[in-house]
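For clarity, chains are labelled A, B and C in written order, and residue numbers in each chain start from 1.
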Amino acid sequence: MRNETMKSVPLAHNRKTPPAVVAKRIIRYIPVFILLVFFAFLLLAPLLWMCLGAFKSDPEVLTYPPRFFPVGNNFLKNWENVLQQIDFWGMTVNTAIYAIGTTIPAMFVNALAGYAFARFRFRGKNFLFLLFLATMMIPFQVIMVPLYLEVYYIGWLNSFWGLIIPKIASAYWIFLCRAAFEGLPKDLEDAARIDGMNEFGIFTRIMLPLITPTMITVLLLSINNCWNDLLWPMIVASKSSMRTLSNGLAIFIGNRTDNYSSAFTAAAVSMIPMLILYLFGQKYFVAGQATSGIKG
Amino acid sequence: MTSVGSRRLRSKSFERKLERTAYLFILPAAILLIAFCIVPMLGSFWVSMQKMGVDLGQAEFVGLDNYTKALSDRRFIQSIGITLKYTAVEVPLQMIIGVLLSALLAKNTRLNKLFRSIYFLPVVASAVTVGVTWQLVLHSNIGIFTYWLKWLGFADVNLLNNTSTAIYVVVFVAIWKTFGISAIILVSAIQNIPDSLFEASALDGAGKVRQFFSVTLPSIMPSFWFLLMTRIIGSLQMFDIVYTMTGGGPSRSTTTMVVYIYDQAFNSMNKTGYATAMSEFLFAGIMLVTALMYYIMNKTSD
Amino acid sequence: MKKLFALMLALSMLLTMGVASAEAEKVTVVFWNSWTGGDGDALQALVTKFNESQDEVYIDMTRSTSFGDMLQTSLPTQEAADLILLNCNDMNKYSSYLLPITDIWENTSLKAEDFSDAYLSMAKSGEELYGIPFQISTYMMYYNKDLFEAAGIEEVPTTFDGWTEAAEKITALSTEEKPIYGSGLFYCYNGQNQSVMQRFGTGYMIEGDEENGFTPNLLDNQALADALIWMKNLYDNGYNPKERDIDSMMAAGQIGLMTNGGWLKGTLDAAGVNYGIAMLPTVTGEDQADWALGDLNCFMMTTSATEETKLAAYKFIEWWFTGSGLEAQEVTQGVDYSNITPNAEWSISMCYVNAYLPTVNSPEYQANETLVTISPSDTAQVQMFTELGTLFWSDASTLHGQMVEDWVFNGPVNPTYEDVQDFLAVYQDDLASYIDEYYN
């Protein structure tokens, strides 16, 4: 395994490798490849079964012997049924506002705090960090009622303010950014300080670009969390015009699901935007980038 | 130049300026966290000392009664055991699989990108979708996985309706659902490492194995710690997949602490206070583990 | 990044403004319920029909699996829905926030005497009325007609011995290619289980009343022991699968007979199963109509409602019982369905017995053979687990679920009466602790 890890680290000065070495590498890669394919199958099979359910009719989903592939194509009929029951596009817009409105400020606020914890020395650092972490340790259902009351007294019920602002700061992202900043080499910022750059500039222009992959991760996971969030939008913005997609889907899939094909159709379609976002985000997963920033 | 600079950097007034900057950087997050997490948490401490239901006006102060009651509640104690068992299995497995696969997939080849996308798919699906899908796929009769296993020669496969296997199914599905997150975090940590570090160590004549130990591993250690700690916190709070997939059964074998707390809060009258008191125990437990790990983490990183 | 943020804010403001103006002339009644799934679709269609049928009231319906969470948070701040569908057993839990609606009789054409008294009284507390019956969910026996025929069973079982007998015969049809189980009891889901077990004559889990005191009723209860032994044997003999999700198996044609509520009908219709509905058995096969075990969901109003929204909601409730429904089915088998009320349509299409007498006496309702055969007697017992209005109801019903699961998975094979007593001792203690908690 260690050898594989080695290979995964790109070396800028790699010269042409002799063909014999290449062949050896390919042979060594085969077991790894089999392992990866096995995991991919385990991951994909249930989801694929679910997505294929979007093309099935109801009797085809619940049948014995179970079927993996659909016989005909029932997708349009299922999709029509979904659109008939929920305002799919309106809900998508609401979800997008919630997800983007939360994620963009969250990236900034949490990265800033994570950076301070990772790269500065100050009094009360350990206490503050543990205090922040403590906010992750209690189940949401427990603080749900007090938090709701707070939003109510501020007057933010049934508004995007109430939906978004309490969700911006998150110890999880702070911790993640802190870890990313800690992974950077020591004394990076000293050179910039000597050049007379101010601390905020060091953060935005030098340090933040260095952890682009992590920031993309925060972006993807945070949007994903909002996308799939059921409880918070439902209680704080119960007005039907503010309904988010996850709650629209919960109408189909829940305690009493009797229409699996529609449920699977809705679930499959709602995964598509997240998937596109992920593929797009992967572009920014470039190894060891932006190192030039510290050379100047 | 460096020696002049570092002398200036070590001056006392400069240290104080940096300290002020740090507080300023933390301020926005601190305000939000205090307002929307810590204040409600303090509110929950008040709730935990009341006997109350939905009506906040009818709360009756009972002091620590709810806490002492929890300690003699055999179902609560049982749920602690189940939660610990779940965490003890889930976290190491998740970490091993996560590190292994992210190491294999960190390089940006086309094939790796494809695999990474596939591994991220379950993260995208909602917990309810995942719960319902797995429940149907593993259904003892009409489940397609069960059918395939039968075809492979396994007789009487009924993983979800068996008190000794159901918890492991939950572990499996939870890892299945979340290890894409672990992988993406570790992959991005590996990719955060500046090339210059590898170049420098290569110039020093370091081999690949030595590079792994001297460059890769120390650089991703903070992310590794992050994952370990957040996975432990998350596992101790396991709820959604259990709730949608097994509902805590069969015969309570998958009733984790949060599932039990939730049941108590919603399926009976006047037990909001009691349920909250139980979650304060959970809070204390997690806090203890986290503080301990934080201490170890700081020790090893110095 | 700044641009994006500004755009988002602009968009959000636009959205909040746009909604306020819509439906401005109508009185909007916010209506929450937990009817997700197919029956919720039907309810939504009826609500839409109401909204289009007049221009005074707009019903803004939200159905969600988070219904309970929504109520719990919003009721104390008076931000909850005006109108909700609530199970009568939850009345105690939310009692501080329910609005008395006794004046519905003065403000609408509805009359108290048109409702079956047994059900209407369930929605009362003292003299005040808090709910109008929306749906009576009784548990029924579903059976697969094709499997009955293949096994050569002509009569639908009316006794529990008959159930076992039929289960044995149908299970014998099972092949390597397609496993079949005669009986489809759930090991989880307390309602489904209690609907069967209480018909053994077990009585409530806790007997008595506030005046004379309560006593747990699990130990020394012959009927309960019989029920548990009967159930365990079905599992141990392999006639009943150990599975949570029996519904899907019934839909796949693998179950002979089972118990569930009216909501299963939609699943089975969609799956194209040839099924029948009958009353659940009793020990002797007689007096099947004396049990209507299930629960009652009512239209209820919360203290979040204003006088204006209350009166508007009354209009909707009145329409529910006297307006005209979807006219989806017109003349079928000589019965004219075109003037059917929403209430009757709901009842007939989902197979729910009805509490509104004009509906019950209507030709459309009477023409539905299934509804007539499952109609309980006037004095039938409706309540399960414990007496209605007792504070420990939720705890006892939750405990019932745990008890049965524990018994199915950990109980001894071929159990005797003594085994049952040993097993139940712990649960008897639990019930005693509930009584202690709420009434001492």
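Going forward, a contact is a pair of C-beta atoms (placed from the backbone, for glycine too) under 8 Å apart; a residue touches a chain by one contact, two chains touch by 3 or more.
Not measured: the values here are computed from a predicted model.
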If you tally the C-beta contacts, which comes out ahead, A-C or A-B? A-B
Max Cα-centre separation from chain A goes to chain C
Measuring centre to centre with CA averages, how many angstrom lie between chain B and chain C? 37
Once you find the CA centre of chain A and the CA centre of chain C, what distance in Å lies between them? 39
Calculate how many whole Å lie between the centre of chain A and the centre of chain B, each centre taken as the average of the chain's C-alpha atoms. 14
Scan chain C for residues touching two or more other chains and write them down. 69, 72, 76, 179, 248-249, 252, 254
Using the touch rule from the top of the page, what residues of chain A touch 2 or more other chains? 62-65, 141, 145, 149, 230, 250, 254, 257
Hey, what residues on chain B touch two or more of the other chains? 56, 136, 141-142
Could you list, by residue number, the parts of chain A that touch chain B in their complex? 1-13, 32, 35-36, 39-40, 42-47, 49-50, 61-68, 109-110, 112-113, 115-118, 120-123, 125-126, 128-139, 141-143, 145-147, 149-150, 165-169, 171-172, 174-176, 178-180, 182-185, 190, 193-194, 199, 203, 210-211, 213-214, 216-217, 220-221, 224, 227-228, 230, 246, 249-250, 253-254, 257, 260, 263, 267, 270-271, 274-275, 278-279, 282, 285-291, 294-295
Mind pulling up the chain B residues that touch chain A in the complex? 1, 5-6, 8-9, 15, 18-19, 21-23, 25-26, 28-33, 35-41, 43-44, 47, 56, 100-101, 103-108, 113, 115-129, 132-134, 136-137, 141-145, 147, 176, 181, 184-185, 187-199, 202, 208-209, 211-212, 215-216, 219-223, 225-226, 229-230, 233, 237, 239, 258, 261-262, 265, 272, 275-276, 279-280, 282-283, 286-287, 290-291, 294, 298, 301
Per the touch rule, the chain A residues reaching chain C in their complex are 58-59, 62-65, 85, 93-94, 97, 100-101, 104-105, 108, 141, 144-145, 148-149, 152, 157, 159-160, 230-231, 234-235, 238-243, 247, 250-252, 254-259
Touch list for chain C against partner chain A, complex: 1, 4-5, 8-9, 11-12, 15-16, 19, 22, 32, 36-41, 44, 60-66, 69-70, 72-74, 76-77, 79, 81, 177-179, 248-249, 251-254, 263-264, 266-267, 270-272
For the complex, which residues does chain C have touching chain B? 68-69, 71-72, 75-76, 92-94, 96-97, 179, 187-188, 241-245, 248-249, 252, 254, 391-392, 394-395, 398, 402, 405-406, 408-410, 438
